[in-house]
Amino acid sequence: MKKAMISLFCAVMCLLALAGCGSSGKSTKYAGQVLNVYNWGEYVGENVISNFEKEYDVTVNYSLFSSNEEMYTKLMSGSSYDILVPSDYMIERLISEKMLQPIDKSIVTNLDNLADGVKNLNWDPDNTYAVPYFWGNVGIVYDSTHISQADVEKYNFAIFKQTAYKGHVDMYDSERDAFMIAFKDLGYSMNTSNEEEIQAAYKWLKEMNAAVNPSYVTDESIDDMVNGQKWLALLYSGDASYVLSQNANMRYYAPSYGTNLWVDGMVIPANASNPELANVFINYILTYEASLDNSETVGYSSSNKQVLEELSSEGGTYYNNAAYLPRTDNPKDETFHNNEVLRKELSNLWVKVKLG
Amino acid sequence: MKSFGRMAYPYMAWITVFIVIPMIMIMLYAFTVQGNETLIFHFTLANFARFLQDQTFLNVLWNSLRIAVITTLCCIIIGYPAAFLIAQQDERKQGIMILLITLPMWINMLVRTYAWRGIMLHFDLSSEFKIFVGMIYNFLPYMIIQIYTSLAKLDKNLITAAQDLGANPLQTFLKVTLPLSVPGIISGITLVFLPAVSSFFIPKLLGGGDYVLIGNLIETYFVTTGDWNFGSAISLIMAAIILISMYLTRKLDRQYQED
Amino acid sequence: MRKLIEFRNIVKSFDGQVVLKGINLDIYENEFVTLLGPSGCGKTTLLRILGGFLQQDEGTIIFDGQCIDKVPPYKREINTVFQRYALFPHMDVYDNIAFGLKIKKMGKELIEQKVNRMLSLVNLEGYEHRNVTLLSGGQQQRVAIARALVNEPNVLLLDEPLGALDLKLRKEMQHELKRIQQEVGITFIYVTHDQEEALTMSDKIVVMRDGEIQQIGTPLEIYNEPVNEYVARFIGESNILPGTMVEDYLVQFDEQKYKCVDHGFKPDEPVDVLIRPEDFDIVKAKDGMMKGEVKSVIFKGVHYEMMVETISGTSKTVKMHIMTAHDQYNSDAQENITANDFFMDLEDTAKIDDLDLISRANAHAWDMSDQDLSVDDVDHDIKPAPGSYHVTYSTSKGTSITVKVFVVQPKYVEDARHNIGISAFDIYKTADEIHESMAISTDLKTWADAEAWNLQDDKPITITDVKYDFDPATIEEGEYDITFATQGREYKVETTQQFEEGDKIGLNFGPEDIHVMHRKVQG
Amino acid sequence: MDKKRKGLRFGSGFYLTLIMLFFYVPILYVVVFSFNNSKSLTSFTGFSLMWYEKMFANRTMMESIYYTVLVAVIATVVSTVVGTITAIGLSKSRRLVREVVTQINNLPVMNPDIVTAISLMLFFISINMKTGLLTLILAHITFCIPYVILSIMPKLRQLDDNVAEAALDLGATPWQALTKVIIPQIKDAILSGALIAFSMSFDDFVISFFTTGPGINNISIYVYTMYKRINPSINALSSLIILVIATVLVIVNVVPMLKNRKKREIEA
């Protein structure tokens, strides 16, 4: 038994030693400080974090969430972060609940780098609280060897109700995105709070569930489509552009009757313990190098004007990639607005849709 | 010597703070609808009513119980012969086999489940089947170990005595070995059924998202929907079901041992 | 001798149950004192209070002139040898013995010397580094003693230390313990329930019962002059009988008056009379003060222990009718059925059920291949009045048989002198059933429903004797006498002469062999 | 008869082999694909160590190992000490106290993990405690102690009461009796309790998931947040854990076996 403890101890030491590798850098004003970043999974360039750490000799605690609501719950449950990257409507909510602190524009000097599409956003026109990180829309990714372009353009989002594709469909597991396609297909606004329209959309989704029995997934869909395991999926444009870049059979289509045009922005919570470093981080992300690494790795549309142009033009990684450059010219595209009562209702209905 | 009794005081304080009060917190949330304002206590049964009156939620509960029961049965059916055969081996082999069976239990449950995800990508299987495989894989060792322990403890003279009194091997098994290993099966059941009912990452990792069990439901209401009151109510319902079934199993066990 | 320990009115109860009811006891220096009594008498509790492991509810213990009620066990100059030794299983022999010395932070060499001395005292040289769990019981015992003695206590407490040893070892250790006590010259307080142990080793015996001291005295006093029946029974084999003290030096028991040496009782006071088994002289039957029949003889090595019955018990004789069972063959169904007539107690008619009737008549059926069949239907006309009735047994296929039942009012024999009632019924059986019986006496008792009871309190009394004069293996049809009897007055007698069961002998004893005790007043 | 027996033996061997395959194929699968040189989990395209390199370069992943071990070690040490003290205390307590504490102590064992997790999370929120390493460790200690107590209590019950009294009788203070006599006797039970606590903490996902804070992930949480995308680094991580644990278990189990054999040989 003593032996057992000794060997266990050795094993523990080995693991600790393994874990302790790395971390060194030059000294700056921020040397030794810690930054808590809370971001989406698969949402950052390979070297962005490590380069930032090296450049400023700081440590970044990088945590992941998989939905805005999960992030919000964590925030409510007492966790303290310096940087969050929520979506538009969530930022709106955080602003309204006074949970954010303003961006320090004396530190964040790279705001000029922003692309036109993410400037002057109606929920935070002057970047008082938020600085765009990625942006894009939501659309249909389909396997052109199984589904024709004509069908997709004919059915638009109703393609998800075609029984012919039963068992080959991934549906994005989020009440907002799912109800968005139903609202759009029914010709309503995706911000509607009309009870009849909501019930109609609920019915629409239940029909969809019965018709194609989709898998309710989030990021799993990316690999499913890259590997051609599914024919049809609802994806964010950035994930779609990555899929398209990996699998030549895949196509992207955003229905002409409008879809969700979204922006994810970096914000600093009111209870952040290191807001100064958080501003430095935001400014760093806006640089060409960091934005390039981010966008190239992840496939989402950069908020940096120069990167966006470079990657989508000839020779760029996402040249001719239908999903990379979000359209800004369709007036029927909408942005979500914060409406907590509506969200709760949709959320409850969505649980029921999934339960069949 | 009596003064040693005082050594339990610190832990009594600990369990009050970290077990009793947290359980009270869940109840507080479950019996209110005030959102995060726990200061104003409005007693209500609305959360329970909402769960119990909605067929879809009851379906989830029923499904969870069904899957847990089937998993437990499968574990007994697969595990009993394995435990029995291991107990027949010579002592050295028994030791090695038990080691081999316990070894995977030391590997992180998520890692083990993740392993199956890769394998099952090769096959076109239903979500339910994948979940069964994941559950049985994770919980079978507990069942085997429990049954094996009760079989190994069994006095070999009893078998000899049964045979001496004219029982054939099958009769010996049915009349002597099996009844005497029931306590092992019962503790195996508790070790399998309990985590199987409440498991939420096995369905999530293997079920492809379209399979919701009660554990997932609780997680959804806490993490995504943010309705902690309803989530707490579901937790209480699940805890009640489990504690009652544990209580019944124990009673059964005690009754059995008295007979 | 100096008074070392004084117990002053020690009272202790557990969960409301009083275990010690005010014990007063003095113990002197260099004494070997034994607390003797059955389990639950409070002797171990008293010892544990002295050791400091329990706190008394009331009373005081004075040790060497000082009150030690508030002194924790580890500060008392008393050491204990525990019931199951309580050796430290994780230490070897040496470390066990050295434990107390190490606690006192004694020098290493000194410890070694002392431990070695102890090892030789208990004859365990060379066992220093043995694993204590692998030692024999006797060796563990010696280690436990050495471990306690090495601390040079003033008093050594021993709590049934020999209980776990086999007989031979126990005897050896008794002598060993006495030797050690004499050698170290300290007070031993010894707890046991074994009277022989107590008699062998003690300087003083304290007999306890239900939390009270019954008698304190030297072994000889306790043996020869027990103060009451309880002590007498506890100490040594004894014959104790109820009697009356007619006057000084004259006692009456078993309806005869005998001279004795006891006096100081009230006239006609009921007393208990004790005669030790070894105090009888055996003479020819006609010369004896008592006459009796030898009922059993057990060889005990040096002597024989006999039970001699001087007055026979109460008995009842019944008739056993052996008859052929009625057989019935049903050729249609190819089935056989059999049953016999039987007797039934009037009381039993109140709760007749089929199974009972089947077993009383020994009714059973079988088919051609000798497979047992069940008797499915039982018809009877039994009424709750004495008389003869009929019972019909039949199988599902209609094979049936009818037998007679005699319902009788039970008659019993009463023996007012011994306060005993006994009853039994005539038996109706087939010869086959007698042949098949594997324990004939027990079966006869069951069949005859033989019962005996105390006339005063209705408590059952065992029927010890079943007499019959047939050979169960060869019995045939006819009538036989069977006598059921309770035990009469029996004396236990020890003798070196050999007798056989059934011998008639006389018993003699002198006035000094009779010890008269006050009848103890029950509780 | 002989043939039948042979058939039976073959049958039982076959069955046990199947069971072992069931247990080990997935593990083998993980290990094999951790050496794949592509991202695919379905086809092995060639040998490479790239996923191991990526794993070691991935700070979050490395930190998750660090936190897992750190939390497990602290939780094990604290819960073993507290559990041992409590178990001894309970064994000398009044029956009622013992019953009540044992019942409450059983709650985290009987309750579904998710209920325990949520109750702790709600508790931490309600007392305004920032979730993080501290809450994670507190939660782990809370669910580890019951297992330590459950593992020690039966051994304590077997203990001869007189042995502790004997120590007092021989002049040991209660503290000395505890450290020199009681604890050495229940050493094995304490160790196995510690092992159980370590493995429970090391393995835990649900409770950690709900009670941890920013930047503090253990391996389970990391795997859970990463499982949505195929990431062979997880395979590499798993393989590493499997390797370490298998080595430790083999050493723990085989070394005494060899020792025994050697002893037997020497004695023979």
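Order of writing sets the labels: A, B, C and D. Residues in every chain begin at 1.
By our rule, a contact is a pair of C-beta atoms (placed from the backbone, for glycine too) under 8 Å apart; a residue touches a chain by one contact, two chains touch by 3 or more.
Note that this is a predicted model, so its numbers are computed, not measured.
A.B. asks: Taking a step as a move to a touching chain, how many steps at least join chain A to chain C?
C.D. replies: The least step count works out to 2.
A.B. asks: In terms of CA centroid distance, which chain is the most far removed from chain D?
C.D. replies: Result for the farthest chain: C.
A.B. asks: What chain sits nearest the middle when you go by CA atom centres?
C.D. replies: That would be chain B.
A.B. asks: Most contacts: which chain pair?
C.D. replies: Chains B-D share more contact pairs than any other pair.
A.B. asks: List the centre-to-centre spacing of chain A and chain D in whole Å, with centres computed as mean CA coordinates.
C.D. replies: Whole-Å distance between the two chain centres: 36.
A.B. asks: At what distance in angstrom does the C-alpha mean of chain C lie from that of chain B?
C.D. replies: 53
A.B. asks: Quick one: chain B and chain D, Cα centre-to-centre, how many Å?
C.D. replies: 17
A.B. asks: Quick check on chain C: which residues sit in contact with 2+ other chains?
C.D. replies: Those would be 53.
A.B. asks: Which residues of chain B are in contact with two or more other chains?
C.D. replies: Residue numbers touching two or more other chains: 1, 121, 222.
A.B. asks: I need the residues of chain A touching at least two other chains; which ones are they?
C.D. replies: 76, 217-218, 220
A.B. asks: Return all touching chain pairs.
C.D. replies: Taking the chains two at a time, the touching pairs are A-B, A-D, B-D, C-D.
A.B. asks: Spell out the residues on chain D that touch chain C in their complex, using ranges where they run on.
C.D. replies: 160, 162-163, 165-174, 176, 180-181, 184-185, 187
A.B. asks: In the complex of these two chains, what residues of chain D are touching chain A?
C.D. replies: Going through chain D, the ones touching chain A are 40, 42, 56-57, 59-60, 62-63, 65-66, 68-70, 72-73, 121, 124-125, 128-132, 187-188, 191, 194-195, 198, 213-217, 225-226, 228-230, 240, 244-245, 247-248, 251-252, 255-256.
A.B. asks: Flag every residue of chain A that touches chain B in the complex, lowest number first.
C.D. replies: 67, 69-70, 72-73, 76, 173, 213-218, 220, 229, 344, 347-348, 351-352, 354-356
A.B. asks: In their complex, what parts of chain C are in touch with chain D?
C.D. replies: Residues 51-53, 72-75, 78-80, 82-84, 86-90, 99-100, 103-104, 147-148, 151.
A.B. asks: Please output the residues of chain D touching chain B within their complex, sorted ascending.
C.D. replies: 12, 15-16, 19-20, 22-27, 29-30, 33, 41-42, 82-83, 85-86, 88-94, 97, 101, 104-105, 107-108, 110-116, 118-123, 126, 138-139, 142, 145, 164-165, 168, 174, 178, 199, 202-203, 205-206, 210, 219-220, 223-224, 227, 234-235, 237-238, 241-242, 245-246, 249, 253, 257
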